[in-house]
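Okay, got some structures for you below.
Two complexes are shown next, each including chain A; its partner changes from chain B in the first to chain C in the second.
Take a look at the complex of A and B:
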């Protein structure tokens, strides 16, 4: 449903993404793995139109979106949950969520916008709906950020480091929710995640990015059993792998 | 209909192309970063990995052939450190040093998937008793099929390439339903069956999956009739992975090539020009997923053509025509590859022999025979019969030592082969 060919992304003079091709199918979760500065965030930003210093092809369900603005891209059904959540801490939870529905307001009235499906996914947010978002725990704030992105009713959700700063148990909960989004709502998800092992366990395929290039692509289970990738990106069992 | 992996075997052509482009680009990046040989050929042509923007851009990259592999032996083209290699195999090495090929854990697993597709496509299931009569060992045939059959859950008899009489005995005892062997072995079995006067209906055999040497429809019909089976073709080569590269389905209308693992091109063997669909030429393969020993644009020396038409079986992956010819002059005698260059070397070692020889190949009762007619040098013999016999025996024994086959040698007058332009001529009467 999303097809990218030879995408290059520049920050000023620096080329952060160098001719990347990737795709995601309906009802699929894919993971982008790579060290800091490999170009993962730049790639996500380019997809949703936040960086226009780009070259290549991005095709979404038959539409070329490379020249479109962010709001047009969101309207078509691609939403980003940015790194560090970027929620408005001085606003209430419900207002934060409502902001996510912004693209729908051209056709719908504010009063007709329902938060129900967000509250079904994240019951805790219903209890906190009137609280300022900044008073919530890290995990709950991440739920607000995901909820906000979902309010635009996306077909593809991009998540940049959703687990940053969260406790392991909370991270697992977040991933389970993402998995359910795919299973129940049929939303495809592109994950950029430091906790690559966990992300691969929930995804079908993965891409490995090194200094702006994709150097490996495959089924998640294959990447998980590739010792070079385990050594470089998956951290755990480091000693076991290198001491062999 | 039997399709092992519907997800990948029935992908839409457009989807296949995106998939292949991603794999190809990742492969090229990996090779360029890690292997000096590739960095060198890219630099020489003044290209960067990023210049490969579409599948057809692959033609900017030079071909690889057996000589390149040989020059970089043993590990020069390995893309992983040895600690990640879990298996070695090698090519037969009839033309020189055998070439070592390595496999990572994922490679072995992918290989088994490919062979599982091959087996399942002709209807092999976990209910089958599979007799693998390919040689086990460095040759990829035995273990390659073994792992694939295991993946399907079939009951395997790892009999290897023992003599046909013994094969037949096991086949009767174990009620083998599937035979995996060379066509030559199948022909031998048919002969033994006849010789021992065994009724073919006493066997439980229903499928023969044959390969590792070229064979035609005539041989197929003969084998199917004599053994009362359905016989299918498959294609593979050790340099690429082993068996499982391409396989027939039950419709027998060409061999399906697993495009999620391999990128195939057909080229004009003389000019290197890439040819279109249905045009006959040399098959060039790129391994898209291989980790340990990936190859970029490897010239297989096999002549075939490509069809992208959807098959009746439902598969959308491309098909190659059954292989008939090669670009080099290799002759296959009862499953053994004979290279005329090697024979040429043997002939030239004898001072009393001339420059030209003719290789005549024929088939009697399903068995291949080879006869070599060699010119004698004028004046080098005193026309003594014992000299003729001696030199004939020397040649025969050298060929026996090299190829483990029996041959007929005929010495002919010094100018009688002067009509042959090259050093040798091959006359294949099969």
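Take a look at the complex of A and C:
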């Protein structure tokens, strides 16, 4: 569905991603794990066309999207839920969601845009629909960010650290919802997550990125039982694993 | 009492013009973070082109207004296209300096194209007829200025709050990166902010010229006044700049009116602009976000 070949991403002089290749199939969740500065965010931003200082090949359903602008890429069906949520804090929740549907408005009328689906997914947002998004709690803001991205009716959803700053219970809820999304809508999800254990539990495959290279890839189950990866990224319980 | 009312009326009339100009500053600033120091030139062009078309070429006043609006919007479009777009990845300061350069250029061209006499006018729709309200007098042109401004602000408000394009502009202003992420064509919204503020400036120039006159170098005067109004109210909201404009207009009217009385004749009305500039400097140092600014974000 999405195939990336030999992608390099530069920030000025610094090469953040160095020749990465990966792919995602329909109805699949994949996880990118890696430490801070490994190039995960740069990779996601390059896919949605935020960084044009890139080289390589990004193929989405047979179309080469590497030269397209971000609005064209969103139109094709790739949406990003950015790091730190980046919602429009001084606008209402419903305006945030409406703007998520912006690419659809070329073909559809504003009055025909429905928020029902988002409100079924996140019932709390329905109660807060007229409030300024900046006044919501962190978890609710994350729901706004995910809802806004879903309003574009994406085929692939990219999530950059959705759990940042959220309580563990809220994180679990959001992951469950994401997992259901994949089942219900059949969309694919690329997940970048600090909480690697949780992300791997919910995903089918994973890629490990270090200093801009993919150093390891495989089924999530295998990655979860790989001692090196457990020691480097999963942290918790590492002693049990290494002392065996 | 009638003095007080008189100063209020004068202040509101000029204040509305300041508010229009300040709105232009704020529109561009909010979307691009650039203070467009060529904003005053839109007002000058609005006035001078009206004088050219209507007063000298004797064209119909409605035709002249439409032509003036088109030309000034075109200038605003070119300003963005030629000075800001090529440098979109550069520092904001560079773009601001470009707008200063553009304003000098526009003034220079205007000096050649138009006339060098100060205080030129064109005949407005209205005669100089005065109305008396509780002992204060107000001209039809003042009433016209106030009502046109109010209509413009209402239209602007509806556009920004209710239409999807307006919402997209506000979104671009709040978070540029997120706007790109959700698929807003940011280049278009940036362009639109320039076009709208050109339109606001042109309208301000058209309606103020019959009252106060215009000359090729008036742009800098209106620019500074509008900027001061924007800083007084707070650049980052559409409502606060209108408040800032009215406040500045009233302050000026009262300083001119009462200044001589309270200082036993030492204060002359010519010092008005000195006081206003002092207020601008004090605000830039102490409260650069404006009187109405507040922080409401929760992270």
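Heads up, the rule we're going with is that the second predicted complex is superposed on the first by the 240 of 244 C-alpha atoms of A that agree within 3 Å, B and C clash if a C-alpha of one lies under 4 Å from a C-alpha of the other, contacts with A are read in each partner's own complex, and residues count from 1 in each chain.
What we mean here is this: a residue touches a chain if its C-beta (ideal position, glycine included) is under 8 Å from a C-beta of that chain, and two chains touch if they have at least 3 such contacts.
The model shown is predicted, which means the values in this text are computed figures rather than measured ones.
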If touched residues of chain A are counted for chain B and for chain C, the larger one:
C
Looking at A:126, would you say it contacts chain B, chain C, both, or neither? Reply first, second, both or neither.
neither
Looking at the overlay, what does A:153 touch: chain B (first), chain C (second), both, or neither?
neither
Determine, under the contact definition given at the top, whether A:89 touches first (chain B), second (chain C), both, or neither.
second
With both complexes superposed on chain A, which partner does A:213 reach: first (chain B), second (chain C), both or neither?
first
With the two structures laid over each other on chain A, which partner does A:19 touch: chain B (first), chain C (second), both, or neither?
first
Would you check which partner chain A:75 touches, where first means chain B only, second means chain C only, and both and neither mean what they say?
second
Scan A:27 for contacts with chain B and chain C and give back first, second, both or neither.
neither
Kindly list the residues of chain A that each of chain B and chain C touches, one partner per complex.
none
Chain A contacts chain C in the complex at 48-50, 69-71, 73-75, 79-80, 82, 86-91, 95, 98-100, 102-103, 105, 110, 132, 134-136, 148-149, 152
Within their complex, chain B touches chain A through residues 18-19, 21-23, 25-26, 29-30, 33, 49-50, 53-54, 80, 83-84, 104-106, 109-110, 289, 291
Applying the document's contact rule, which stretches of chain C touch chain A when the two form their complex?
164, 167-168, 170-171, 174-175, 177-186, 296-298
What residues on chain A touch chain B, complex-wise?
3, 5-6, 8, 18-23, 207-208, 210, 213-218, 222, 225-228, 244
